[in-house]
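In what comes next, chain A is part of two complexes: it sits with chain B in the first one and with chain C in the second one.
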Partner chain A sequence: MAALTPVERAPLSFVVPVVALAGAILGLFVGTANGSGLMGILIGAALLAVVSWAMIVVIKNERVARWGLVIAFAILGFVLGSVPGGLIGLISGWFFGWFTFWLFESRYRMRLLPYLTPRQVLWHYAFRVICGAIFVFLITPILVVIPLSFNAQDFFTFTPEMLRFDPEGYSLKHYEDFFTNNEWQRSFKNSLLIAPIATIISVTLGTLAAIGLSQAHVPGKRAIMAILISPMIVPLIISATGMFFFYSNIGNFLEGTLGMNKTFVGYVKVILAHAVLGVPFVIITVTATLVGFDRSLTRAAANMGADPVKTFFKIQMPLILPGVIAGGLFAFITSFDEVVVVLFVGSASQKTLPWQMFTGLREQISPTILAVATILVVISIALLTTLELLRRRSERLRGMSPG
Partner chain B sequence: MSDTAQDGPMLAADGTTLKQSLARSLRREKMRALLLIAPLLIFIFLSFVVPIVSMLFRSIENSILQDTLPETVVALENWDDQSGELPDEEVYAAFVRDMLVAVDAKTHTRLGTRLNYEETGMSSMFRRSGRQISRLDPVEDAPFKDKLIDIHDGWGDVNTWAVIKTHAVPYTNGYFLNAVDMQRTPEGAQAQPESKQILVKLFGRTLYMSLVITGFCILLGYPIAFLLANLPMRSANLLMILVLLPFWTSLLVRTSAWKVMLQQQGVINDTLVWLGLVDDAARLIIINNQIGTIVAMTHILLPFMILPMYSVMQTIPPTYVRAAKSLGATNWTAFWRVYFPQSIPGIGAGSILVFILAIGYYITPEIVGGTQGVFISNRIAYHISSSLNWGLAAALGTILLGAVLILYWAYDRIVGIDNVKLGG
Partner chain C sequence: MKLSTSILAIAAASVAGMATAQEMTIVSWGGAYTESQKRAYHDPYSTNTGVTIINDDSAAEAVAKLRAMNEAGNVTWDVVDVVAADAIRLCDEGLALEINADEQLAPAPDGTPASEDFGDLIVSDCFIPQIVYSTTFGYRTDLVGDTPPTDVCAVFDTEAYPGMRSLEKRPINNMEWALICDGVAFEDVYDVLETEEGQEQALAKLDTIKDSVIWWSAGADTPQLLADGEVVMGSTYNGRLFSLIEEQNQPVAMLWDAQVFDLDGWIIPTGLSEERTQRALDYVYFATDTQRLADQAKYISYGPARASSAPLVGTHADLGIEMAPHMPTDPENSKRTFLYNYEFWADYRDDIDAKFQAWLSQ
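And then the complex of A and B:
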């Protein structure tokens, strides 16, 4: 921020009513929870009006006023509703302290352009609040699962003990169930077997094809691209239906005519199906990386006597590796997360983790699903971090400043 | 540019003309590119395109009648199904001969199941009659007409023979007619009875709910994409994590999270009751109906809307809006007349993507949709795994695939398929 907009303190006649209004909203929720919404609004507005006036006029020192408010609200909340109430009091105390001085010192104006009208300023912050609400919508479902997975009861919701932060209300038993239950372990192992093999197939074939596609003269490039990307576009249920008919014939052939082991054939079917689904992601990410690839590097290598294979492994591969790994991660997560196709193509011995979760959600609802979900969220955070690091590395290699 | 020392065409180092030499090297380059692509293309073709095409074929394929009752089908050709009279002895004799072979090969029950899709009761009729027909002798026990009617009343019903005659074609439009709530009858295509008409309604609901979900995604995605595109890079990247984390989280995790949130004893209802906004006795029913499907799928598909919108909005120069404002436009006018038209490609790309994904969704509606919030894909799955009416499932899938391909084509026109970006 180069220059802050010069500001002066806002008048009390502006700060006190606004804080009171915010207090009324909080009062509405506390009030309805305790019986009367109207009383809540009145008490909340009056309380916050007095508090903000006292903080500005009586105490004057911002630090003392804000700490005082946090402690006062925390105690008030604890008296009204023990531990959870105290926590809410703590948060709202911090918020109102910050809010009052944010308004009073006109900090809200500081980082905005000087010529904005009050209504534009109001809209600016209203827009931020709307966006905040949407972000909450995006992220809450994922965050809610995590504490619930430590539930000591077999419930899918917060028990009173959990809300009191009573250690009795929490346990690791759902994790224990996941790690000891045979069904879950078998499906987990199946997922760990199927996903990597499918990924290797789609990455190997996909990278080769992407390199071919990025050559200057490829006849029918658009048509080929359309066919290679189609597994991503065709709805999974249709792919699954088609593969169901087709792979059952193939399976009968392999088992009946060639006399192969039934379980082995089952794995082959699922792995091939998943490899197909992963291909478009590899193609898309690797071709995107190849767009930024400097062709003169391969020519230089050829000029110095390297054969095409050596050029590929020594020059091209290290440079496009971030794209290949990113595509591989996409392919891996596609297979690891896939349930429709495996449901149709696989048999019980190929039950994967998502399949087990799906039946768990549909039939016997067990909170072990939440423990699994938490583990998967942690895995996806790890994948996301890896991808972000790869992206930065790839931009650094290409001489762009990482954003 | 002629060289004085050389007459005729320019030559390459090996003595061939330059034109030929260039053409050869171009050809070689093409071959190399195609060789690199070939393994994957063959793989995709064999394990994806062929299965899909064979599914399309299955939706019209109908050789079972001619395979199981070859003689009957020929004999029935001389019978007029409009006459209201039963076919003559020749047909019954042919039928018994066919059935004796079929019962030996145990294919008559499959035929019964097939005909049961068209006329309820056929399956049990074939199964029961099969056992008794197998005791008849094709020569000595003639005539068969009365004996068959004794075995099962159905053989004395003109309608039974009319159904057999109607469906005795190697390729049928019957499954497609069924898929749009019609049926193949001796008098041509006709509407199904009222009580059986569910599929058109289901197609309608799938389209309607996908549109609603796309609409909500635009409403919620636009502000976020706008905010991300206009924030400084560093904070935008930080907030981007909040969009990408749901995108990367397993679909099953998000679906189970919504199950946890939306249940009657779930987090949302508990919070509302605790706040006193909803009475404990009147908890909201927001799962196992359309609301549940719409809320959960909007959440799941929202990143697919935000990411294309964001990549389009990033390219809109901020100076345009500033110029509009300095020329006297109000905030709203500057946004609506200058910024918004430039962001429309992003909305288009995101909408088509979300819509394509939404109409084929299976898992989420199955878990949070109950009976009122399911899509056509759930019906396909039902026909594959429960009712085993694979022809109808294939016909429904073909219609759905057609719709998706049209949208895909539109997407390719608007965005270009090579411009698909993943993960921002």
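And then the complex of A and C:
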């Protein structure tokens, strides 16, 4: 590694307390899990202080010291907590070996600019630790769900078998339940039916509304805009109550007067209600992209003999497409995640995935919910990755650099 | 735009496809309970008649939803599973159809009319009884030491049984248990609970364990807490405990002492079209006959509401164990029991609820 700054070894009086502090933090977690946080802090700090001193002063050779620590910690962890304990021991042994010599050899200083004060160096690393912690807090709740969904039991519990990494403790039965259970399959199909249609309606209406509102001559623009985006602002439960009565009347009319099928009317009601919820997102994103749209392009198109419809599809649409797609994605997610309105407006034959998850959580606490959540997380990641890849590809094709 | 046209076409086709079959929405409590109804009633009924049954797990908010549906003139439910107290309320408000048991329900195989077969369990003209269930306690066998509890008062004994307990977040049952464990005789409980002092006494007794109580609101909470070992003992419906113990093999045992019986059954909402009402009545006639009620006990440990069903209760469909000893009505389990006192709670519920909630938030 190219050193920016010439370094010399850090004094023991600095290395040992810092490693002990890190040991205390690990001890806090281990100790809390075993009943006493305070004892954990004390033992962790003392143990790591001794270990770091021994590695630097007694063993001296870095390779030997670090390998020794990894093995010692792995054995210690295995004795205390079998396989998972051993794994934790392995990782912490590697970390503390690396950390001790990172401090002792002043490697933390090497890549930084020579004129930084100690306080700036400290902040440099503290900043990274804080960012890492935020990331952990954001992502752990999602990750915890994934192993639990492979639980062999019907509870949201890490069983002793699971913690021992015993294959007995894991199973795919909750995934099997999702793919074979009628209720889950019906609700999954309903979601896949309702969300895309609602998205198409809200994208169409929202884009038209945004283009209309961007014209200079429309009177009362702000008032119209406020009304159109109100579904996003009004608390959902209030919209839902209103929608329930409104769509009940529409439904009664369609069924009673026009003689339409009850199930079909049910879908129409839920799709329309979800489309209304999606429209504000489309309006906002499309309006934002329209700000950067050069109006002289439409005039140029008209000048060359294109009618307004052709101008829209050939000139305006490709340029505002990113906004339309973003709005469409939001509208899709709104409908796909929505539970309150569908509980009011829909009947059981329109049960969507979130509805099924909601009742499942309230009545059963079945890990099938976690299996579904895992599948949804994987699908969302795949969806976003695909979108991002497509975006980069189109930018490459247009000769722009990604980013 | 081609893509969206094809999606719309597919959507229209699939909606049309779904619309051809006859459908019926049955509302129940979800989980193992709905599953037992599905296997004992819905599946055979669908096979016989070709009617598709859609399950809606909204029974917990049945009263509120039926009110709203009725107001909007848009009742989407055909048959609703409710507890007896809700059936009484719905009947009083005219939201449930009155049933003539002898004409509209199946007689017992020996010809006994339905009204006699169900007996006292028909607590309201609109109520078609289905099961007797009980709210009782389960405890972790590995957390209670060498002396497993045999008495409901173990719940209030935090010295002998340290650890958390889970109780339902409402006064019903908790107030009764508190009074019993404060020395009130079984038969005097409701007389005492009628008075201000009696209510104070019950709350004072509950106060002694308030710090070690986790309050639950869904029937699935206590099984989850017991499985986690977060609580030592907790109250819930006996069928949930049965599934926890026998189907999930958790180290949990039943404490039947002072269990509280309650009833659960069907109602048919008012405001349905003639055709749908007839179909709902036809379903209920089938689903509450002697054999069907006995069949349900193959899947869940709730006692059938008909006297004539009891001798037909056999073994669990999947586990093959005898179901009779797991029924709340089994003589061994029902040495000391309460029947949920509808009249008392109808009169005092609002008042005691308010006091209980105020006490909870102190």
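As a working rule, the second predicted complex is superposed on the first by the 305 of 403 C-alpha atoms of A that agree within 3 Å, B and C clash if a C-alpha of one lies under 4 Å from a C-alpha of the other, contacts with A are read in each partner's own complex, and residues count from 1 in each chain.
As a convention for this text, a contact is a pair of C-beta atoms (placed from the backbone, for glycine too) under 8 Å apart; a residue touches a chain by one contact, two chains touch by 3 or more.
Given the structure is predicted, the values throughout are model-derived calculations rather than measurements.
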item	value
Touched partner set for A:Ala371, first chain B, second chain C, both or neither	neither
Touching partner for A:Phe245 - first (chain B), second (chain C), both, neither	both
Chain B versus chain C as contact partner of A:Ile233, first or second or both or neither	first
Which of chain B and chain C A:Lys351 touches, first, second, both or neither	second
Touched partner set for A:Phe156, first chain B, second chain C, both or neither	both
Touching partner for A:Leu387 - first (chain B), second (chain C), both, neither	first
Which partner reaches more residues of chain A (counting touched residues only), chain B or chain C	B
Touching partner for A:Arg362 - first (chain B), second (chain C), both, neither	both
Touching partner for A:Ala10 - first (chain B), second (chain C), both, neither	neither
Intersection of chain A interface sets (partners chain B, chain C)	155-157, 244-245, 362
Complex contacts: residues of chain B adjacent to chain A	26, 29-30, 32-37, 39-41, 43-45, 47-55, 58, 220, 223-224, 227, 233-234, 237, 239, 241-246, 248-261, 263, 265-267, 270, 274-277, 299, 302-303, 331, 356-357, 359-363, 366-367, 377, 380-381, 384-385, 390, 393-394, 397, 400-401, 404, 408, 412, 417-418, 420-423
Chain C-facing residues of chain A, complex	153-157, 183, 186, 189, 193, 196-197, 200, 244-245, 248-249, 251-252, 261-264, 266-267, 347-349, 351, 359-360, 362-366
Sites on chain C touched by chain A in the complex	4, 7-8, 11, 14-16, 18-19, 23, 25, 27, 29-32, 54-58, 60, 68-69, 71-74, 76-77, 218-221, 223-224, 227-228, 248
Chain B-facing residues of chain A, complex	29, 31-35, 37, 120, 123, 127-128, 130-131, 134-135, 137-142, 144-145, 148, 155-158, 205-206, 208-209, 211-213, 215-219, 222, 224-231, 233-239, 241-247, 272-273, 275-276, 279, 281, 284-285, 287-288, 326, 330, 333, 336-337, 339-340, 344, 354, 357-358, 361-362, 369-370, 373, 376-377, 380-381, 383-384, 387, 403
